[in-house]
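Data first, discussion second: the structure below is written as structure tokens.
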Amino acid sequence: MFTYSLVSGILFGIFFGFMALGLNLIFGVMEMVNLAHGDFVVLGGYVAIMALTSLHINPVVSLVIALVLFFLVGLGLFFPLIPRLSNSRDPEMLSLILFFGLSQVLEALMVIKFGVNPESLPLSVFGNSSWHFLGQSYQIAWIVTALVSLVMITLTYVFLYYTSLGRAVRAVMGNREEALASGLPVKRTSAIIFAIGIGLAAMSGVLSPLMIGSLDPTSGLGLTTIAFAIVVIGSLGNPLGSVVGGLVYGVSLMLMQTYLSSWSVLVPYLLLLIIVLVKPSGLLGKGVRHA
Amino acid sequence: MSREPILIFENIVKKFGAFRALDGVSGTLAPGEILGLVGPNGSGKTTLINVIAGLYYPDSGGVRSQEQDITHWPMHKRARMGINRTFQIPKPFKSLSVEENIALAYHYGRKPAMSPQQALDFVGLAPVKNQLALQLNSSQQKLLDLARALAAGPRILLIDELAAGLSHQELQVVADHLQALAQQDIALIVVEHHLGFVNQLTERVMVMNAGKEIFQGSLSRAAQDPTVSAVYLGTGS
Amino acid sequence: MLNTQLVEAGKRQRGRLLINGVIPFLVLVGFSLSPFVYANQAILFQMMAFMALAQGVNLLYGFTGYLPFGYVGFFGIGAYGMAISIQLLHFPGLLAVVMGGLLSAIIAIIFLPLLRLSGAYFAISSLAAAEVLSNVVSNSAMIHITNGPYGEQLTQSYHPVTSYVAMVIVLVLTTVTVIFIRNMPFGRALMAIREDPVSAAMAGIAVVRSRSIVWLLSALIAGLTGAIFGWHLSVFYPNTVFDLNISILAIVFTLFGGYGTVTGPVLGSIVLYGLYNAIGISDPQYFQLIYGLLIVALVLFLPGGIISLIQRRGNYVP
């Protein structure tokens, strides 16, 4: 039992680290919490479900569709909304409220389009075989999801550390004012990161029905809370932090489901409360930051 | 100079992670005395002010005032016992009027204190008292910081870089004002980059470098001190 | 000369107090008389409950800057505190309501450390705290105290008229509290803390204590409201009184009307709850779409809410 919880916790953790990545990037670069993050994840899930049921498109293809589509959605949302916010008197609070409004809009639109019933993807979508490891077997869908997540996290890491745009992103994360003063294209960098953040959220959403069972239009806020907890646990602006936070969450969740299942819904909330009250800078963080 | 000190800080150590912003700094201050606190950027001047005002608690060492160990007192309690300050980057209550800013400090601060009107007149902000603080320019905001501190009835006043951005004439006015406050037995610590301004104010200075005090005494002697010249004035070998 | 100025200022002050007094008076008269001309008491009752919650959010967000997404936690705890007092302690309804409010305040004391957080950290952590409360109350392990997921049936204590009157009283008291805080130096001090906590402390204001007082007051308001709400329904489930939409609507009503004022939340609740009744019950998704878009538009064009349209011309609004 323990091995099973641990291994599945790691698989889930990698996925949730990926799920939180977009929130982490946007938070790190723009100092804004995208409260609609979870709704974009859910939208990605709907893309996969619709693509599979109506067009017989495999979720692997939907991954690319969701990334590209929501990258464009992100760009489309950025320019009318964000620059205006950045110039306001209290960008932090106002952005929180704005994204809260956006989250309500997305939720309402999803109810109008897809109804309130939960939808899911069949676990057999990647075949019926399973993976045997240390005497236990695991769903192949979980393995595929974890692998995709790992690849995407690695790509994000490579992007941040080995490309010139990525270096600009890290400079803005380090100190926005200084980056502005030194003439970096902060607005363009922010726009791209915002779009990438939304795209990655939707992309992780494609796989989400396989990991969390089913989705409905109201799943978004819960996912946002989980993502926020993961980002705070792992320290913000650090893609490796997302992995650490994701693993802490995934393993805790699986252990709770195994040993104290009736309390397992509390895992993300308790983890968040513990971390913000004990070490708000996160496990990898250096200094406290207010946002 | 033989008066009983109103502020004593001993062996103050303040670390930020592995960085020792203050590394065992000590000193005393008597009522009516002005201490110039000088040193290069990052030498720990503002950190020392912050420890005395209670924004940070030191990792070790202590702060005492008026027979009390105030090392771990919260800021508002210090304000009510008469420790007050201005900020390097002024921090007014932006959406309140200039007068309301000061009236609040008068209401919650120590008594006796300058009335809001007196404080406004003292710093010369009376003509703009009904404006919102956010409408002031940055040197007016600095004066508002000072007026607010005065209305809270300070006995010890910590002035953090008031001179930056002021014109030569304004500097003279501010220097006269601070001296007038010292005449009223308020003890002042003046953090300053501008040595000419310090020179106008006081003879007694403390020079800091890398979290340590490297010199304490008169400004004229400081200028001749080889360590001081080396680290601060940059003229040494 | 100075004397006449002072007299003028005094007159203005009294004038303002009078205008301020009009609001709780209108609320009192309006909700006391409307049941006689409008049959749907449930709508009136819920509008009052949301107005009180909106004022509670207003107190916390408008005066201290903490946005409590988890505000419903206090509401739910109030309802359960009331229900437990009736079921296990056999208290009469009104006393049980007071117990609900007190239990909420106690929970608020336990969650005081949340005030160390700010901005999004606070907002989302308060949501997490509400989820924890909701899941603890509805957990099967709590079946002997809260009846777990099966909810509470208080049919023996059902008093629609008394609970309605109690709601009117709590709403009027809440409104008066907000007026007092807004017009006392304490309110100014809270605004100062909101603007700059360090400067506020240097002005001699006890920052932590002031914030804690407001936190406890707003928890008490939500607790009493939740207790009366539960009493009025007399049958409810954990999902009924811990529904996150309760926080969301209270926040939306406050932001729409204008936070930091007394009138804003009143206006916001009347207009938006009215709209909710017109379309929200049959088609909640369209109502959600409308207020979602409203929030986005407010942030971009009118962050002070509709009240700020009047304030913009220099008019005084209570």
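Labels A, B and C are assigned to the chains in the order they are written; within every chain, residues are numbered from 1.
Everything below uses one rule, namely that a contact is a pair of C-beta atoms (placed from the backbone, for glycine too) under 8 Å apart; a residue touches a chain by one contact, two chains touch by 3 or more.
All values derive from a computational prediction rather than experimental measurement.
Pairwise, the chains sharing the most contacting C-beta pairs are A-C. Placing every chain at the mean of its C-alpha atoms, the farthest one from subunit C is found to be B.
Taking the mean of all protein C-alpha atoms as the reference point, the chain centroid lying nearest to it belongs to C. Subunit B and subunit C have Cα centroids separated by 42 Å. Subunit A and subunit C have Cα centroids separated by 32 Å. Rounded to whole angstrom, the centroid-to-centroid distance between subunit A and subunit B, based on C-alpha atoms, equals 47 Å.
Touching subunit C in their complex are the following residues of subunit A: 33, 35, 81, 84-85, 88-90, 92-94, 96-98, 100-109, 111-112, 221, 224-225, 228-229, 232, 262-263, 265-266, 268-270, 272-273, 276-277, 280, 290-291. Taken together, the subunit C residues at the contact with subunit B in this complex read 185, 188-189, 191-192, 195-196, 198-208.
Across the complex, subunit C meets subunit A through its residues 65, 67, 69, 113-114, 116-121, 123-125, 127-129, 131-132, 135-136, 139-141, 244, 248, 251, 255, 284-286, 288-289, 291-296, 298-300, 303. Those residues of subunit B that touch subunit C in the complex are listed here as 53-55, 74-76, 79-80, 84-85, 87, 91-96, 100-101, 103-105, 107-110, 145, 148-149, 152.
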